[in-house]
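Two complexes follow with chain A in common, the first pairing it with chain B and the second with chain C.
Let's turn to the complex of A and B:
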């Protein structure tokens, strides 16, 4: 794996390498070199399987961390590629030409985090949340409590009746009240 | 001499006015032309694997375009976990896949242990392996009934679901829960095996072998099943990495990738098993391969039962889990579920709450990219069989 990362270093600027396990490494790259690096990883270094791509919200740093997890069938090892992008104008190059299923993840990230991938097919099509009008819900500043209070409370409930009175009125209108039993302590 | 040319049909000219016009090898879909019908298969449909729907456009009974819609089951697990302490995530994660919840439990516990640097005791690792392999058996039984049911053989579904119930009884005895077990927690497992459990598992294994013997005869050797599944939804080896296909679906196309063998976790390295692959890649091949894997899982359960140590700790020492802070870092833990690579990507920022937990559902791409591609040019009646043969599971798609 180290040899593969060294070969990658000749192509792009690798900012950080973390060895989590012998078969799981994480590297950090610059955002504008990502597509080139992933293309090189896939086509030359044989990291052919894209397991997933996801985002992590670092609200306090005003950044998103994107993680692309690729897998090499021969090495039997995973490599996580991290890039940091700006949170305000969150946009990233699309990799739908590298993997046929990448558009699915990009559509999900667009909906859940508001990260745009210009050119990605069906990226603005709703994935899970049709007619969602709030901010993207997986962003950390999305206030779930305020949203649920605004959307679900106070919800007018059903008309309720006192069960005892209701039974008397609806079922037994002619039935006399039972005599009150006087107890010794009263 | 050919009789047809003499017959009254010799001047027959087919009426092709109802056929779609083709452009660059693809039909031009214009719903106003009255040549097409749009049908929603699902979310409530017996042939759909859970709460998802496929919007199909048909010409006659042939599908010309398909689009998957999910979102009927979205419960926001990943968002919920960001606001919960690590230990509070456990009642949530098992609900990500109903037929096979243990893979989720294992991945999340292992991810937390990995980030916190906890090593689990030997016996706990064996018990986890047993639990995972039993859940694979239960998951495969559920799938087998669905695959037969999608071809109209409802009785087989009833047999396998009844047999799965015996396995659920074992789960109840082992963990206390039938569907959701919450058995694996960080540091190990919650309970030791009950007395006489091994014998009861072996009885159920024998019973399952008998049932599978019947099913092999009436389903896998059935002429109708063969003729309908053979040639349906062929996945080429090139498609596997392009579409992120994993598990038995990939192995049926000749890609030898099983996490239990290639990157063994828990005690799989100590078990005897061989990589099962096939090379045709159609729905029948996938069905047969999964059937073989079910038999293999039963064999593994027997092996594990013979190797579990009698005594030993089942839980490593943990800090107070209500105030547990896990050091900052990120990790990706994966396991082989019945559908393939099921993984959890967990990022910790050093606080009491996970920064991000992402569940990589094994059938995430199977149900969308792959299904949308393979559904074109098949008939409506085969769509359910195709969907089940890709082993799609909606809750892990929308999490």
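Let's turn to the complex of A and C:
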């Protein structure tokens, strides 16, 4: 796996390499080199299979992170290719010529995050949000609770409990507070 | 009242079908649903007795709750012994089971299927999502109360309810039908404008007739 990434390094500018697991690496690339790098990964380095692509909204940094997860059948290893794009003018190159099924992911990302993929087939057709007029709902600054209360007639009398407090009160009154677990990538 | 006035009022009462393109409007019915009064007491009692023993489910699973209908219909729980069976089209069914959450996309199909069913028709709302949104109460895509869009006869609570509780729901529905309390169809006809306004508030690309015959 490392050897493959080193070969990729000769071709494009790899900003960051993270090893999560011997079979799972994440690399960060520059946006304008993405299609070239994915084509090289697919055709030469034998990462034939695009498992999925997804977006993560980094509202604080004003960026979207796109992740393309590709799989190598010989190494039996996953490689996640991360690209950061601007959140305001979010647009990315379409990869439907490399993997045909990517058009469906791109259509979903267009609808849920508002990330445009110019040239991707049927990208602006509604996927599940027919007649949606608000901002794309998976953006983190979209307040789903307020929208739901405004639109969908909430039934009064709904009670919610904090599960931790509730369990403490109902079952384990003497249970000490557990120490906060912090993941190292946070 | 003069005959002319009655004609004008009748014309105003017709449905506009504004969602359809103009050339197609004549092809669809524009009548409102009308209230159907019960027959005389004993005949209606007999009819209700018969209706309670002839429940045909519309085989349309609208959410995750539809998975409970498979064990209900097959050998283990065998709903056919209660006279409950599935039909593939709304024209032949008279019980509509809303199986769990209804999203923005499915509520359009739910309304259309419900309106196409022949009367008398009954609605069973399954799962807590249909009552108050359940675990999706804050979702952008899940409607919270199904009874604002179509009339509901009986609710089955739970997330998900087991087939046993669904059978209990069917028995409750039978009792209600036999007592003559299931008049959801008349309720829909009486409050047609209110239901239609609620439906059109969330279905913004209304591209079907206002009342589907």
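Here is the rule we go by: the second predicted complex is superposed on the first by the 152 of 186 C-alpha atoms of A that agree within 3 Å, B and C clash if a C-alpha of one lies under 4 Å from a C-alpha of the other, contacts with A are read in each partner's own complex, and residues count from 1 in each chain.
Assume a contact is a pair of C-beta atoms (placed from the backbone, for glycine too) under 8 Å apart; a residue touches a chain by one contact, two chains touch by 3 or more.
If you're wondering where the values come from, they're calculated on a predicted model, not measured in any experiment.
Trainee: Between chain B and chain C, whom does A:158 touch in the aligned arrangement: first, second, both, or neither?
Mentor: It touches chain C, and chain B stays clear.
Trainee: Of the partners chain B and chain C, which touch A:137 in the superposed model: first, second, both, neither?
Mentor: A:137 sits against chain B and chain C alike.
Trainee: In the superposed arrangement, does A:150 touch chain B (first), chain C (second), both or neither?
Mentor: neither
Trainee: Touch check for A:78: first (chain B), second (chain C), both, or neither?
Mentor: So A:78 only meets chain B here.
Trainee: Check whether A:168 is in contact with chain B, with chain C, with both or with neither, and answer first, second, both or neither.
Mentor: neither
Trainee: Going by the contact rule set out at the top, does A:7 touch chain B (first), chain C (second), both, or neither?
Mentor: So A:7 meets neither chain B nor chain C here.
Trainee: Residues of chain A touched by chain B versus by chain C: which partner has the larger set?
Mentor: B
Trainee: Considering only the touch criterion stated at the top, classify A:51 as touching first (chain B), second (chain C), both, or neither.
Mentor: first
Trainee: Going by the contact rule set out at the top, does A:128 touch chain B (first), chain C (second), both, or neither?
Mentor: A:128 contacts both chain B and chain C.
Trainee: Shared contact residues on chain A, chain B side and chain C side combined as an intersection?
Mentor: Dual-contact residues (chain A): 128-130, 137, 144.
Trainee: Which chain A residues qualify as touching chain C in the complex?
Mentor: Residues 128-134, 137, 142, 144-145, 147-148, 151-155, 158 of chain A touch chain C in their complex.
Trainee: Spell out the part of chain A that touches chain B in their complex, as residue ranges.
Mentor: Listed in rising order, the residues of chain A that touch chain B are 20, 23-24, 26, 48-52, 54, 56-57, 65, 67, 69, 73, 76-78, 80, 99-101, 103-104, 126-130, 137-138, 140, 144.
Trainee: Give the list of chain C residues in touch with chain A in this complex.
Mentor: Touch residues, chain C against chain A: 103-105, 108, 131-133, 137-145, 148, 198, 201-205.
Trainee: Contact residues on chain B for chain A in the complex?
Mentor: For this pair, the touching residues of chain B are 70-71, 74, 76, 78-79, 82-83, 114, 239-244, 246, 255, 257, 262-263, 329-332, 334, 341, 343, 345, 347, 355-356, 358, 360, 364-365, 368-370, 398.
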